[in-house]
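Can you keep this structure in mind? I'll have questions shortly.
So that you can tell them apart, the chains are marked A, B, C and D in the order they are listed, and the count of residues begins at 1 in each.
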């Protein structure tokens, strides 16, 4: 089976997720600067989640470059990832609208953690399908970043019960780690 | 006529349906755990419908692998399927928000039944177009799963008038039946 | 310039329009059959508009099969069509929620008329680009259907001031005319 | 890395942005002509933003025709552009609903300016990737339009503090400048 429609469907879902999040930036009724300033926490959580969805799309795009085939298991592993990503708009809005209270920050971390685990599973499913001697396996043998960000998400969830600042710091940190360009795929393709 | 745009359009509609459903998870105004627990029935109905749309996309994807050509009838049979699938967000939200009351559970079953019938018709239209000697026909000659899930949906609709638990059990059962991997297409392609 | 992205973008916009319309089917707060019956006029207008968007997509798909090239003018003619189609959800919801009152039925007709004219312009732009000796020109030389439906829309707008039933009848008629399969493209391709 | 998914993802996001904007045209509860007239400012801002998103899509489409390869930096430069474009629905609705008050008109200009800068950066990133001897570089060496529209946006932001009419005039002017067909890409391809 070819990977074309899996890519197209994932692109579609990610494009909609990223755009739906902006709907939570509710248009204020008055036209003062104050009205905009009040939206700042919601805007910041939108920005954070936009970067995350961007990272996932970017990584998905890179990873799929080396994928030669897909099967039913891969389709479900991918849908599983999309399920958790589809909860981003909800978790983002709840966190932003409640000014980064403990429980919303924890929930955001849970959704992030589940998405990270789902990505891990998708990568693993693809690794098994392509076998240990594939370009895919040699490129994705080291998965340090995945593991570090899963750990950071766990720390974020636990630490937020002390203060939500721990969670927010971890979330920004994860974004920074992934923002650093991934050269493995480009090297392999070159 | 080639099948590319039919796939692209279906992917688009399915991607939007799946993501629109999450909008019914209304962001609560307070930040307590209690607010999240209250959303649980809506969340569960979202999960169920996400799996269903995932199944439809998965089957559509598998089926289209063996499709060699499409015509006007196929385009309309496909649009007919998308119409019923487009009512999933409504039926899902109504069922979740009313804590699985009788009428919403029945309506959910009706939408499911119509979608299942529409899929049946689409498959039938493609069978007729490709002829009895095609790869398509030899792969999709047995349609036991389709028929079983149509029967289960009828049982769900009727049984929900006794108790909605009958309906919900049937819906979960249908999901499980389809979740079991479909190997026919992969075998045929190999 | 190739036509791939024009098709992809149009598919995307049409897929979203068709799915956004369903959001106007507001989830009722109680779970009675009565609540569903009250939604019937909104549902009927959704069904009508779904069929129309389906027709546009279908025709667009057929027409694009014979398109060999596009230019800047075609891109804008296509965007012009998408603009009027993007007003379908608004016009549909307004008509449905006001139980087919005169003004909403007239507005619906205006949007329909503008979309029909936009399609006419798009076809004309493509005709000029491909020249009179092209497959495109020989297939789309007769445009009786386009002209009949433009006339019907004008009648609908005028007649609705007498009674909205004139408008609704015309809208259903236009849908029926276009629903009749278009064989020209398929013949040309064969 | 191939450019296919970057195009598909951008098409998806732009298609959704363009369609989400129409959701701000809230369906009025009564069916009078007056209700429609009251929506006129929101409609005009929708029209303006539709044209802008259309221009961005059109330019993106033209530019990508000459792109031979993409890398991680290009993906992020593209996401950066999409981020600012994703704020169009918010800025459009706020401006329209507040009848072109000073602050909303200024904010609209800021979003426009950031999008124009983001496009500039994306073009620059692609120029560097393709090198000075590429078709891409020879076609996009002159960037007068980009610079003029950035200046017009700055003027719009500043001038709106005197009267919002300055801003609105500039916005319309930018749209007109870009609406004039871009022949460079078509010439290069021919």
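In this text, contacts are C-beta pairs under 8 Å (C-beta built on N, C-alpha and C of every residue); 3 or more make two chains touch, one makes a residue touch a chain.
In this text the structure is predicted, and so the values were computed from the model without any measurement.
S.K.: Quick one: point me to the chain whose Cα centre is farthest from that of chain C.
M.R.: The most remote chain is A.
S.K.: Angle of the rotation mapping chain C onto its copy chain D, from a C-alpha fit, rounded to a multiple of 5 degrees, please.
M.R.: Best-fit rotation on C-alpha atoms: 90 degrees.
S.K.: Centre to centre, by mean C-alpha position, how many angstrom separate chain B and chain C?
M.R.: Using C-alpha averages as centres, the distance is 26 Å.
S.K.: Using mean CA coordinates as chain centres, what's the gap between chain B and chain D in Å?
M.R.: Whole-Å distance between the two chain centres: 37.
S.K.: Can you list every residue of chain A that touches 2 or more other chains, as numbers and ranges?
M.R.: 8, 12, 15-16, 23
S.K.: Considering the complex alone, what residue numbers of chain C touch chain D?
M.R.: Going through chain C, the ones touching chain D are 1-2, 5-6, 8-9, 12-13, 15-17, 20, 23-24, 71-73, 75-76, 79, 82-83, 86-87, 89-90, 93-94, 97-98, 101-104, 107.
S.K.: Where on chain D does chain C make contact in their complex?
M.R.: Contacts found on chain D: 7-8, 11-12, 14-16, 18-19, 22-23, 25, 27-33, 36, 47, 50, 54, 57-58, 61-62, 64-65, 179, 181-183, 185-186, 189.
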